[in-house]
Amino acid sequence: MIVILKENLSKKQVGEVLRQLSDLNLEIHNATLNDRNIVAISEFPHDFDIRRIKLLDGVQDVFEVREPYKLASRTWKKEPTTFDVKGITIGGNMINTIAGPCAVESEEQIFSIAKMLHQNGVKFIRGGAYKPRTSPYTFQGMAVEGLKLLRQAADQYNLRVVTEIIDLSVLDEVYEYADILQVGTRNMMNFYMLTELGNIDKPVMLKRGMSSKITEWLMSAEYILSGGNEKVILCERGIRTFDSSVRNTLDVAAFPIIKELSHLPVFSDPSHGTGLRHRVTPMALASIAAGADGLMIEVHNNPEQALSDGPQSLFPDQFVTMLEKIKPIAHVVGRTLDIEIPNTATAAK
Amino acid sequence: MIVILKENLSKKQVGEVLRQLSDLNLEIHNATLNDRNIVAISEFPHDFDIRRIKLLDGVQDVFEVREPYKLASRTWKKEPTTFDVKGITIGGNMINTIAGPCAVESEEQIFSIAKMLHQNGVKFIRGGAYKPRTSPYTFQGMAVEGLKLLRQAADQYNLRVVTEIIDLSVLDEVYEYADILQVGTRNMMNFYMLTELGNIDKPVMLKRGMSSKITEWLMSAEYILSGGNEKVILCERGIRTFDSSVRNTLDVAAFPIIKELSHLPVFSDPSHGTGLRHRVTPMALASIAAGADGLMIEVHNNPEQALSDGPQSLFPDQFVTMLEKIKPIAHVVGRTLDIEIPNTATAAK
Amino acid sequence: MIVILKENLSKKQVGEVLRQLSDLNLEIHNATLNDRNIVAISEFPHDFDIRRIKLLDGVQDVFEVREPYKLASRTWKKEPTTFDVKGITIGGNMINTIAGPCAVESEEQIFSIAKMLHQNGVKFIRGGAYKPRTSPYTFQGMAVEGLKLLRQAADQYNLRVVTEIIDLSVLDEVYEYADILQVGTRNMMNFYMLTELGNIDKPVMLKRGMSSKITEWLMSAEYILSGGNEKVILCERGIRTFDSSVRNTLDVAAFPIIKELSHLPVFSDPSHGTGLRHRVTPMALASIAAGADGLMIEVHNNPEQALSDGPQSLFPDQFVTMLEKIKPIAHVVGRTLDIEIPNTATAAK
Amino acid sequence: MIVILKENLSKKQVGEVLRQLSDLNLEIHNATLNDRNIVAISEFPHDFDIRRIKLLDGVQDVFEVREPYKLASRTWKKEPTTFDVKGITIGGNMINTIAGPCAVESEEQIFSIAKMLHQNGVKFIRGGAYKPRTSPYTFQGMAVEGLKLLRQAADQYNLRVVTEIIDLSVLDEVYEYADILQVGTRNMMNFYMLTELGNIDKPVMLKRGMSSKITEWLMSAEYILSGGNEKVILCERGIRTFDSSVRNTLDVAAFPIIKELSHLPVFSDPSHGTGLRHRVTPMALASIAAGADGLMIEVHNNPEQALSDGPQSLFPDQFVTMLEKIKPIAHVVGRTLDIEIPNTATAAK
């Protein structure tokens, strides 16, 4: 159940509502969402009469949400969540494209890619500074130096920065340089980290765990929302199935399901979702056709020399061709792109 | 390895080639495909010099195919397989739509649906006469009576019939009434049935096993192809994953993979693939965007009264709206529909 | 719901009960199980008062079974099902061992193995005559010749024959030579076959589908039971998971679950369940410790020359060592073996 | 490849070996394991002649390990790893039992359980102080107060403490109170945490990720080992499969596989692995029969009032009965328990 308190209540008045809810033997969880005082109630008897809450002083509205996730649920919030990132809208009718390399590798590399993105109208750049790798013997990222280069390149080409927070110990520096903080697939159930991200004022992109059910994904989003940060983007990045001939299976079927269950925007990462560059474009198109709100694409100025994820990174000209196909598909499903693709789209040389 | 023999060899000449191949200690499998004599060789040493075969009298060409499936492989046959079903092309540039109820239930039902399909330009009707159900206590289909009604309705409205052969014991009657014989997900590894279907001259639609790897699916196709029937259509219908909140997960990512590995046409069944009607259209669009060659859609004149699969059957007007969206998406990926959607598409009353 | 009719009702009296049940708007399914007339009722309202049935003339007892499987459920039959196969009890307190090669390959092979089994007290021999293989280019079995050799070897060494019915078209010959008919993993949902096997008077060993949920497995057993054949043995043989480094994962955890849900005996096949011979013994021991009622083990006189499944077949001396370890473990869980292991167990030379 | 350097090399001599290895164009990773200087080499050409390394000054031995995990591999270390925890041996021939509640809830609770464990000869107590829960609205643990109570109870009853480190931010306090630090299933791929745990001198119990392949699990162990901490215990706790009717599926088949691939001890957690108390004992027995080196069991003085995981916690008398059955099974597989079960085992009142 979600209880929305009236606006402009004094602290004492809020306390009074909470006391009365407790008196009803309900387990309550107070939060501020979008500057409004709300109360999430996780368990309540099946025959509970919610009018008992509606009649309390200070209560504006009550929504009966029986899903284990409350604030993430479409039951209480019908309209899609949208928010602004430095002048660009995320969610709603918009389709956003985030692109860039797996990892920041050098100044030359990241500036070259940033320039190419800018020339093609892209508004968001991605790049990893801390790389979680399954082997301790491989490239682990440039750390804070990578963050600085990414920020500089983004600023020069008017891009917004999306980068991963790999551990709470680097929260401060990632917060400083990023516009959107990404939670990786291996951290989707790192509840300590999610709780902290509920307290910040920047958007969080929450990747789906590689074997996480949709309900679990929404419960992880609930951790962030219940801390008061409503700027959450979900990102599907491929699940693990019985078919070992593929690295991951991009769960395109998740997009319409998320749209039914939640008001949160959901993006697609067909690069990790397929693991091979020539499968990226078909799956990007399929994601938009199925209802995704955005794309996260790995593109590299020189994929064959990339220090990580080279095989799944697009060449710049492949990326541009993909963007040109996305546009009419977005149109069919009633959406618009955040970029005006130039008449003569150009792959950086 | 696939060995193509020269045309117009006498039986004796063919025998001579086979003898020479056996003398090379190769395990050979002779077949006729598309009226050509070919030999599939399943195992051969890694350092085998294939020129030893090319030089044999009677051999026209040799393809080194190391995948366990040979005839299904794109390695030896680059161009997509196409074939004709009563004047309509399957495969290649074409996108086909097969539609109809889960099961034939009555004359009124099947004629009403057939009429609606015809009015909207559809060329193929589906309908089950034998229903494999997980419970012995539920509706099991109309059997041969259903087949007859399906055929009559199809003939009246110029439709081609796609229906399932549920067991070899009904092969003769299904063959008599069907234009395309469908192998269901539970029979994908029924090798006895696949072997028999290699001997017929009608197309076979081979649904993917609900937990079958792509390689296993192609091996099942190989059973049909190696018997001499090259008219095989693959059909993705949703796989089983760890996420129990969904009945099946339509594996949209399979379409580009099949296109890489095989020359066979591959269709999508978003009705079984999602299990819920409001998810069918997004997944149909996504399938075409990802490269599928056709759709298999459950549509019913009265879904809420359907004896089976009602919740996943589209209402006629939903079906028509879906068709209208498919067309521009097909165009983006360079494909055309087998139907010319009328300017004023009509849902049957 | 399971309704047990009184004994010695006339055909007319039975018809009268059925009519009255139909009048209550219940979907009824009449069957004979263990020579008793019973009625399975698959759907009934949640608030249905079952006393309305108890009071009908001709009804002896009524069990409220809400699981989708009825006759397979422990809800209505608390005590474990046991039955006799030529003097040996299956189920209950007993632990049975079935052993033999994957496929019958030659007279010499099958007699050699049968002799070794007999010398070690084993009572059941297995061997395939029809081999379903994923590739059409590999060994497909000796067919009826294999069945005859298997029967002869069994008769000479006082063994009972367990062999697979791969397709309904070979039912008559398999029925003639087998004591227990095995349904393979790929046929677990072949409902046509299951229905026919409900009409025979020999036991059926139903292997679990490689991706079948336990409920689905019990529903398949229900097909056989509802036809009137109560001699069903379940057999776990390894499931498919996300871990591609193993062929199958023997689901040892299924044994206690089956024991909770059903009264049917459940065996373990650690040979297919692991795919590698040195993992067979640990998994056989684990299965018995977890509650399995029997073992199905592949053993071969010459595993390295076996035409199929060589790598998972035990050498005779490994098999004997395994049996020696099984005995004390069976004792810990309160069970006894159907074999008295000779003091000096012998591997056949 | 694992290169073992000679003992008592000076720092300069070690540097010289590393320089020479680098000159061979090898990617090297220096570590100290068990007080010996070693070098792990992750990639090397397939035709590399390892004698070139053997002949270097300062090199004692070289092992060619081609698995992606090196130090965790049985290829270079044949004998099982054993180590001592306050007088009790882990690994080798020994079977250890760790038991206790899911979470520390109160002084009374944890002392009551500790006493019961002591009375039954158990040497290790478990208990969570920080609980990662999928819902932000449920009990999150007693934190450091819980750790203190756990330590006090353990000290009073001569038990060793096993508890989870849920986030790096609590490493110092967990290190202070624990004898073995447990990494939970959701942190198995938290490479930041694993790297830090490679630098401590206390054993780490690494639970398997709920969808992690065995190779991935060993790669995570490699992170700890390559930091210089060789005291790693693996713990299987149930994997996620397609069967949603069970919470987890304890992968008993993993035990023999781990034994083949690695020298590390591997424990079983049948409590999380089954999720229901009446399935715990059969799966504990099965685990030991399959080759597990230890058990991790949830037991509670009052399971029905437990704040978390009540349904999977054993009652004390069930726990004692389980221990009595473990002993003879351990004997069959040639193992001994770390506890001498008293003649009259007692469940605490």
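Each chain gets a letter, A, B, C and D, in the order it is written, and its residues are counted from 1.
By definition in this document, a residue touches a chain if its C-beta (ideal position, glycine included) is under 8 Å from a C-beta of that chain, and two chains touch if they have at least 3 such contacts.
Keep in mind that this is a model prediction, so the values were computed, not measured.
With contact taken as defined at the outset, subunit A and subunit B are each touched by C, D. Among the remaining chains, the Cα-based centre furthest from that of subunit D is the centre of B.
Centre-to-centre separation between subunit C and subunit D, using Cα means, comes to 38 Å. For the pair subunit B and subunit D, the distance between mean C-alpha positions equals 49 Å. Per-chain CA centroids place subunit B at a distance of 34 Å from subunit C.
The multi-chain contact residues of subunit C, meaning those touching 2 or more other chains, are 211, 240-242, 244. Every residue of subunit C that touches subunit D in the complex is listed here, in rising order: 211, 213-215, 239-246, 249-253, 255-257, 260, 273-274, 278-279, 282-283, 285-291, 325, 328-329, 331-333.
Those residues of subunit D that touch subunit A in the shared complex are 27, 29, 40, 42-43, 68, 132-138, 166-169, 186-187, 189-193, 195, 210-211, 216, 219-220, 222-223, 226-227, 240, 242. Touching subunit D in their complex are the following residues of subunit B: 211, 240-242, 244.
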